[in-house]
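Got some structures for you, see below.
Heads up, the next two complexes both have chain A, just with different partners, chain B and then chain C.
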Partner chain A sequence: MATESREREGFGHVSRTVGVVFRYLLLAATLFGIVALTVLLIYVANDAIQPLTADPGWHLTFFVTLVVPTVAVGGYLLRTDPASFKFGGGVVGALAVSTMFAGGAAMIFVDIVQPVTWFGYVLALAVALAGVVAMERFDRQLPFLVRSVVAGAVAVLSLWLVPGLVRSLPVYPTDGLLLTASLGTPVALLVGRYAAAAAGKRGTALAVLGGVALVGVGSYAGPLIGVDPVPATVLLSVAVLPTGGYAVGTVRRHTERRPGLAFAGVILGGAVVGAVAVDALGFTGPQSWVDWGFLTSAHSGTAADAGLYPAIGGSILLMVTVAALSFPLGVGAAVYLEEYAPDNRFTRFIGINISNLAGVPSVVYGLLGLGVFVTYLGQPTGTVLIGGATLALLILPIVIISAREALRSVPDEMRQASYGIGATRWQTIKNVVLPRAFPGILTGTILALGRAIGETAPLIMIGAPNVLFSLPTEFSSKVSAMPLQVYAWASLFASDPFYRAAVPAGVVVLLVVLLSMNSIAIVLRNKYQNDQ
Partner chain B sequence: MTDNTNPEFAVDESTDDPTTDDMVTGTDVSESVTSSGATMQRDTVVSAENVSVWYNDDRALRDITLDIPEKQVTAMIGPSGCGKSTFLRCINRMNDMIDAARVEGDLYLRTKNVYDDDVDPVALRRRVGMVFQTPNPFPKSIYDNVAYGLKIQNKNGDYDRIVEESLKRAALWDEVSDQLDQSGLELSGGQQQRLCIARAIAPDPEVILMDEPASALDPVATSQIEDLITELAEEYTVVIVTHNMQQAARISNKTAVFLTGGELVEFDDTEKIFENPESQRVEDYITGKFG
Partner chain C sequence: MSTDDLTEDLTRRTENAPQELLTRSFFFLCAVLSIVTTISIIVLLTTEAAKFFSATAPLMGVEGPTASAVDFFTGTEWIINNEQFGVLPLVSATLAITVGSAVVALPLGVATAIYLSEYASPRAQSVLKPALEVLAGVPTVVYGFFAVVYITPALRTLIPGLGTFNMLSASIVVGIMIIPMVASISEDAMSAVPDSLRQAGYGMGATKFDVSVGIVVPAALSGIFSSFILALSRAIGETMAVTVAAGSQANLINPLNPVDYLEGALPMTAAMVNLLTGDVTGGGVAYRSLFAIGLTLFFITLVMNIISDLVAQRYREES
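Moving on to the complex of A and B:
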């Protein structure tokens, strides 16, 4: 009887109304954030680049030469061959990001570090490295202590003597050749191995030589098309060589991804053809505020002439200082806390304190920097060193926390395996834990640097100047930074053109630099996850 | 047992120092003592006397006394939580890693009490290899995995040859000989475990401890590992923990049965344990009435 009545009724329904409402509420919350951010970015980018001031023909030309082919080829590839699509996009992305880094590096070699000085230090490092390698090769039996003392002595001596010797030479080669030797060669050595892809020692050597030759020829060919030898060499070494090596190496490993190269060619070719066509047809582009002049000139009282050059260079120098200070300190503290420190009340107290410090407002760190470095240690205000040290303190807790997270994600079985075979703690950390955690540590550090590059308040507190007309040349010279310059334009020079154009342009440059830094972190993280 | 100044385990923290040749001297000393007919049995490698282990206040092992013979497979069986793995980890002092663990009693490797104050656990572990429950190769190449022990112990010799021989002994060489520079993580589970065995035997230890080495593997891989263990016993003393009784019956020469509470209930030749155990509790456990 009972089964009969149940069958007649069917299974009935379970209400999902609340669940559906909840789901769409979550969707709305997600969309709200994304939409708000997109609107803001479009608004700022529109003010900075002003795309609507261009001729309609300009838009039409680029639409025909760049957008249509990209969408057509890309859409086709995405459906038929996603791996090639990703590879092609990756090549273009790598070229764009590395070109930006090349710009930063060129700035350093043009205005801050003379190529001769750089060459001297690279040569010194190479000499020290050769000494250590030779020692390893001839006698593996030397005790660790002797080896490290000798290696340290060789490195210090070489760094102390070689740069001076190089500078005292009566004649140098040209700057382009010096940079080819000291920047192009190391990059070619790194890239050539990947590009040659198991082609044997001969193939690798050929690839490296080819890379060096490309950079060397570029240092002479650059002036012919109006680029100075130094920027041309830097651009080839930092942008063209790595991207080309990546493309060649990947195609050699996965021949089936060759269509991706065509995709990259369509995008780059479309851009070049579009530019030539626009020029030939006489269409004018947008009256963008983010242009060559903006990137290469200093502040000016009139908004139209104002530029960001010293601020960009200052931000680069600050980031170098911050990374050099916070990376070893932060990773060192993280390794100690994760691998050595016993789990007791004191270490837990330290851990909680570090978490709290990560949330302390940046203006407080600025006050700390002012108090410790300027008032107590008597350093001059607003220098690269003080600014970098203050920002390094600011991100130190974040670096420690993310490095601890990376170390904790190393499976305990790895440590057990290493201890089980008779490794000491130091050997385990050096050979097993750190190599495995390194990509995670690097990702966390880059994201933390991304926070530091956008900080204004600490720099104001330590007395960094609002306006600077040249790049800092030493650690003890005054420094400005991109967010600080933008703040100065928005507060001290608050006139309509500054508000409407210079500030958005500065923000766009800052965001682009930030995103390209983060893109490296994302690429690293993806690679790390794939490797597991 | 008498020679407490024996430097065989003494290694300082800076073990990148290749001048310490303790492996060679260590083996020499202990062999001479054994052959001169000390108090111990000629063929006993590991000997436990009243070993007890506490985790905080919980007693995990109660007065374990047993002698593990040389170049044979000794199996430890028993239900979960009976302390068999804990005993295994006493032999190479891996329990030192756990802050809460406390070991009492004497445990001799050859003639030396490994819990003496002058024993360096790191040096001890260089003479006692270990294979774990889940295959745990390093995220390095196959070659570097096998050579890891040689490198950290600063062993001299032809690494290429030792790596090849270890992989051959672990019955893995034929499958990986042309891909030694590939990552060890790209192998299958059974291959990874054999790689871990190759890694453990490369530095030529005296004893190999195996903590349920086949429990995470499929039946085919398990039988490969079992064949391998039988072969390894020709040259090494193997101590294996397993909760698979058939496995213990198949591969071991001697079997120790641990039961709940950390007691060693019976220790004898494997055939005797499985055919005619003395203790009723062991018989119940083996016939499946309990545990």
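Moving on to the complex of A and C:
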């Protein structure tokens, strides 16, 4: 001991205080932004949903039926069986997110695309696909040019003829049946294969048939409980069927995760029981501004009646356009830069150029859209098409950069192996590189789409109207978007009622959509990283 | 199948087979699109801005009202209806936002980066990093709304003279927005500092504090600077938050005088949005002033991005 204390004297004293203070200062700085945003989010959620206006009995009922069982079962599972806990939570989360997307899809089928038209195009694609498959069966040795010309001709012909043919039929089945055939069947085909997991061909066929039957029955059962056939069919095929398929398929693969289903059942059952009990006992819920009326009505001069419906529809259409434009172009550019481009000055220049484009302010992209599409090409201002094209240009650099990263993470040995068995470059990319990089590319694209959904400035620059009373129905109609509507309320209608009601409600809807997209991307990324 | 066929099949050059050629050209065109975008931005902004200035308008064959370039760059009044286009008030407001957000974001961002790279456990990192990403993912118009409705009233309890629209809360939200950018790029630079440097420090008896501040930060300095420049260029180009929160009165303010932050002002980006929400007819002089501001903005952010790129390259070479 004596020697030790002498040594310590020799080295002098080192104070711990400085280090500890520094460490906690850093932690405080790290948390500052996160805490500030959390507080702001709590405030805006409180303004939008107003939970304190509900009866105390309402809170108590839900606390007893939903919160207590969830915490009890969840806490027990988390300690004893984390995999099941994750699975159960995943089922509930998937149901919530997919229900939201089903709402968006239902809007499309109610107001934008008639089920008959959709059925016609799906049938046309199915016919074209069947034609191509038949050709492959007939002769596998056809030269590339012949094959692509025939496939293209079949596709164009069927897309040109079939929808018209379907529309000209004198009688067609109900909307519900049409959607069951054209939306429920493809989903059931995809989901059934996952759900049936190694049950053989018969099992898969049964699963698919069961899924289609569920949707079909739902289209007739929906009206009995007050849901129109179209939303009922969409809800079943976009939300219920995939979630159910995920649950069944996972349980069949990992029998030990079955308790997770009980967890999901407790949460969902608790919510339903709570809702029924609250109704029976006569407790009123919170005076939320985010309600059915807000989601389904258009803008109004009085804050209490204002709604987000046209803006939600506009955002959906914009997102479809942006995804359709930026995904192929962005992935294409990334494939060129990673797989084909020689390492020369030109390639490096493209790379630097892309990273600089990613830093160009979004208003400048708006000016580009205004100048090129509106002034030079003479397009009308503020349409879905030019809005989508402008936003696609805006997120293209982000898509390219993230896709390049995903392509770079594909090990080189896989490419070499593919070349080694005689594959050409395109065959290697198509069969080896892209499938492997796909989850990463998808994650990056979803994050970029999230950015596009939140953008306002480019839409203002291209002249999208601040106030729109009806849903855009085609690519050349004027479009509004959720952030644009929020901006209009926050600045052009700047007054206390709007600040207290419509804007917080709009912000909450916008953030819920964005956060659920981000969470899909993060779930995808984690799954992808675990797989590798 | 004869042997000749087999030899031919095995030695055939597939590089320029129709399928290969078609796909390769498609991918090449996709990559070239980015250059086309850049060129169209530059050409469009330059030609439209050239039509705006009286010195260059005749060259473009434009008649009608124009503005003098000298007045544009030195004028202190921005009143569209009087056709007074002095860009200085707008630039001063943009500078104020940049300075204000830098005061918030740079120290916090660097501190966050040090914490994440030197102190945080992997578990803490896996929670904090996505949470920081959310900060950058919230739409900017939402930040603007937060500034007006929640932050300004809260600040008013401390500073009674604060206007409804003011530069202070606008700077704060823009600062919060760019923290993740400073943090993530600086953290990359700090993680790239070789571990041997840290070990050498510990070997000399340095504490963790000494190592972080005395070794890691200086070694990552160029990366940290590059993150500063990039984040500030983001603050300069930031549009919706300042449009909603900073007001629409074009005042010439002094970015270094804290008192001036209590008033509203009109940054360049907000001026562009205001021009368009006020029914600008295509082709007028006000419409062209948009492109003149846009060109100024594009040029500033481009130069900053390039500088940040060059600085970042230096640190990559060093490590």
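Worth pointing out:
The rule is simple: the second predicted complex is superposed on the first by the 507 of 532 C-alpha atoms of A that agree within 3 Å, B and C clash if a C-alpha of one lies under 4 Å from a C-alpha of the other, contacts with A are read in each partner's own complex, and residues count from 1 in each chain.
Criterion: a residue touches a chain if its C-beta (ideal position, glycine included) is under 8 Å from a C-beta of that chain, and two chains touch if they have at least 3 such contacts.
These numbers were taken from a predicted model, which means no experiment stands behind them.
In the superposition on chain A, A:Leu145 makes contact with both chain B and chain C. By the document's definition of touching, of the two partners only chain B reaches A:Glu413; chain C does not.
Residue contacts after overlaying the shared chain place A:Ala490 against chain C, while chain B stays out of touching range. Once the two complexes are overlaid on the shared chain, A:Ala481 sits clear of chain B and of chain C alike. Once chain A of one complex is fitted onto chain A of the other, the partner contacts of A:Arg436 are limited to chain B, with no touch recorded for chain C. Of the two partner chains placed around the shared chain by superposition, neither chain B nor chain C is touched by A:Val278. Touching more residues of chain A than its counterpart among chain B and chain C is C.
Judged by the touch definition given at the top, the superposed model places A:Ala306 against neither chain B nor chain C. Look at A:Thr424: by the touch rule set out above, it reaches both chain B and chain C. Of the two partner chains, chain B is the only one touched by A:Pro342; chain C is not. Chain A uses residues 144-145, 422, 424, 426 to touch chain B in one structure and chain C in the other. Taken together, the chain B residues at the contact with chain A in this complex read 13-19, 92, 94, 97, 99, 122-127, 129-130, 132, 134, 136-140, 148-149, 151-153, 156, 183, 185, 196, 199-200, 203.
Residue ranges on chain C touching chain A, taken from their complex, read 10, 14-15, 17-20, 23-24, 26-35, 37-38, 40-41, 44-45, 48, 107-108, 111-112, 114-116, 119-120, 128, 130-135, 137-142, 144-146, 148-151, 176, 179-180, 183, 205, 207-209, 212-213, 230, 233-234, 236-240, 243-244, 269, 272-273, 276-277, 282-283, 290-291, 294, 297-298, 301-302, 304-306, 309.
Remark: chain A residues 11, 14, 18-19, 22-23, 25-27, 29-30, 32-34, 36-37, 40, 43-44, 144-145, 148, 328-333, 335-337, 339-341, 349-350, 352-357, 359-364, 367-368, 371-372, 374-375, 393, 396-397, 400, 422, 424-426, 429, 447, 450-451, 453-457, 460-461, 463, 466, 483, 486-487, 490-492, 494, 499, 503, 507, 510-511, 514-515, 518, 522 touch chain C in the complex. Of all residues in chain A, only 140-141, 143-145, 342-343, 411, 413-414, 416-424, 426-427, 431-432, 435-436, 531-532 touch chain B in the complex they form.
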